[in-house]
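In the two complexes that follow, subunit A is the common piece, with subunit B as its partner first and subunit C second.
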Partner chain A sequence: MITGLLDELNNIEGVDGAFIASNRAEIINKVGLSLTDDQLSNLSLRALRIVAAFHKTGKKTVELEFYWQNLYIICKNSDNFLLITFCRTSSMLALLRITINVTMAKLSEDKKFSKWLKSHKADRDFLIRKESLEENEAKLIEAL
Partner chain B sequence: MALVGNLKDLKLASLIQLNCMEKNTAKMTIEQGNKFGFIYFESGQVVHAEFEPDMGEEAIFKLLTLYSGNFKVESGIRSPAKTITKNWNNLLLDAMHQLDDQDEGEARKFDHLFERLFTVKGVQEVTVFDDEGTTVGSSAENAGTSNLYAFVQLQAMKTGAALNLEFPEFVSIVASGKKHIFAKYKQLNLEVEMEQKTKLDIVLPLLKQALG
Partner chain C sequence: MPTDNQMNVTESGIFTIATGKSPSDVSLRSAEWAIITQIDGSKTIGEIALALAMTLEEAIDTFSGLVEKGLITFISTENLEESYLPPVFFENLEDQLTKIIGPVAPFILEDTLWSLDLKKEKFKAEKLAELIEAISDEIMDDSKKIDFQQIMLGLMKELNVN
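Right after this comes the complex of A and B.
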């Protein structure tokens, strides 16, 4: 089912692919992406660190978007996972956002997926623990 | 009936001028964040102003530096005190001169940028910060440090690097009912706080234009 949902996203014009990452920045499932798992994991890690940093200041993050000239990355955050979609066309972003919201709702309702996530549950704050950060990152987090 | 609006749409100097030329007796309340400012008019003269912790001319001067904030003008309310005796024309001229002098200084370095950004609908606050998280300019009174924002920009830079791309042109984060948009600004960084419902597709080209 998860692959089917990601396929639906991938079928939208301009979408390069999508993937789901756990709270530990592990790739759970992906479709249509030519990037390596290391690259995707690194991207998830950065997004999750931002979520954790906001969380440290008492703010709950639901969405992150990165914009380049010809690439848009939309990250939707749920309590236990991150859905990340790559899109090349700005004109499709509105439709894509709606489809992503539907996908998020369906994923949250999927019992098998929820069960799997529970077994991979992790405290996101561990991603911003001092020992896992570089010096400049740690300094900024410490000052929050 | 009270006149209400936002300083983003009508500058305070114009509002003062309007009330004085109309020879109004009124109370103007300005709300910015958690702070309130008051200006009282009597028969077309500014007679009293408060903007914590300042009173009189100093309060007027501080209020004139605000880029945004809701205002309300209630007619017929008399001033509880008289702290300003200067004619309104001279009062505004003196304040403007002071503002011009400050324009030369570091503190008001980003005024024009903020003015441009506040023309974009939905912009609530703007912060300029360096990579170390030091706030170097803010449209908000008493802005704190920007460590969180600097952390976001650092992660954005690393995201670009992981994908063999440059720094993202924009990063947008929706958190606790606000939309935070990040961008590079010259050698510094910029965070624009907006209403959550703001549509990025509409606002990003406008922000791009405002950033020049």
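Right after this comes the complex of A and C.
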């Protein structure tokens, strides 16, 4: 089912791929991406750190959007996982965002997926402990 | 007298890079370079403006400059008539929205169309996702918002809009 949902995202014109990462930045599932799991995990880790940093200051992050290597990246945050989608064109972003919202809702309702996530639970705040950060990252988080 | 190239610098105009002259032969502004990188013989001026986050007026001005410099050539005009949504679609949308947010639905729909400067009578299918997203922003209940988006995605699939 999860692959089917990611396929729906991937079938949107201009989408380069999508993946789901756990709170430990592990890649749970991916479709249509040429990046390696290590690269995707690294990207997830950065996104999780941003989410955790805002969480520390009492702010909830629902979505991160950024532009990287000529790609629009939409990172949707749930309490237990991240859904990250890559798109080459801005003209499809509205359709993509709607589809992502529906996908997030379906993923959250999926019992098998929820059960799997429970067994891979992790505290995101762990990701922003000083010893796990580079100096510039620590400074940025302090500035928040 | 304006040439075909100049007359077709409109939202639906499609251009390609001219073969006689290279962009490196003339000095170009950054906006002109940005447009040159987007021209692929299939995107319309409107689509390129959207991709580069330019206003349509800015894009048309820049395209006109590139035509004058002889760097781009007109290919064709996208047939916009074919991609207008049928009026019955909006009746369906309004019905679905009414089920979700109640009798304010027609007003929300009209307000959203107005704020996006769009008209039901000449509504291009490619703008539909933008409209759905804007209407969704008016639905405060997150679960109802998702219900609405899910129903609309279904309708868009039926219409083969993507």
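In this text, the second predicted complex is superposed on the first by the 135 of 144 C-alpha atoms of A that agree within 3 Å, B and C clash if a C-alpha of one lies under 4 Å from a C-alpha of the other, contacts with A are read in each partner's own complex, and residues count from 1 in each chain.
To be clear about the criterion, contacts are C-beta pairs under 8 Å (C-beta built on N, C-alpha and C of every residue); 3 or more make two chains touch, one makes a residue touch a chain.
As the structure is a prediction and not an experimental result, all values here were calculated from the model.
A.B. asks: Tell me the contact category for A:S90 with respect to subunit B and subunit C: first, second, both or neither.
C.D. replies: After superposition on chain A, A:S90 lies in contact with both partners, subunit B and subunit C.
A.B. asks: Quick check for you: in the superposed arrangement, does A:T57 touch first (subunit B), second (subunit C), both or neither?
C.D. replies: A:T57: touches subunit B, not subunit C.
A.B. asks: With the two structures laid over each other on chain A, which partner does A:I12 touch: subunit B (first), subunit C (second), both, or neither?
C.D. replies: A:I12 sits against subunit C, while subunit B stays out of touch.
A.B. asks: Of subunit B and subunit C, which one touches more residues of subunit A?
C.D. replies: Here the partner covering more residues of subunit A is B.
A.B. asks: Once chain A of both complexes is superposed, is A:T99 in touch with subunit B (first), subunit C (second), both, or neither?
C.D. replies: second
A.B. asks: Determine, under the contact definition given at the top, whether A:I2 touches first (subunit B), second (subunit C), both, or neither.
C.D. replies: The answer is neither, since A:I2 touches no partner chain.
A.B. asks: Do subunit B and subunit C land on any of the same subunit A residues, and which?
C.D. replies: Subunit A residues touching both partners: 90, 94.
A.B. asks: Taking the touch rule as given, give the residues of subunit C at its contact with subunit A in the complex, in rising order.
C.D. replies: Per the stated touch rule, the residues are 47, 50-51, 53, 126, 129-130, 132-133, 136, 145-146, 149-150, 152-153, 156, 162.
A.B. asks: Give every residue of subunit B touching subunit A within the complex, in rising order.
C.D. replies: Contact set of subunit B toward subunit A: 132-133, 145, 147-148, 150-152, 154-156, 158-160, 162-163, 165-166, 168-176, 200-201, 204.
A.B. asks: Residues of subunit A touching subunit B in their complex?
C.D. replies: Against subunit B, the touching part of subunit A is residues 35, 39, 42-43, 46-47, 49-50, 53-54, 57-69, 71, 73, 90, 93-94, 136-137, 139-141, 143-144.
A.B. asks: Where on subunit A does subunit C make contact in their complex?
C.D. replies: 11-13, 89-92, 94-95, 97-99, 101-102, 105
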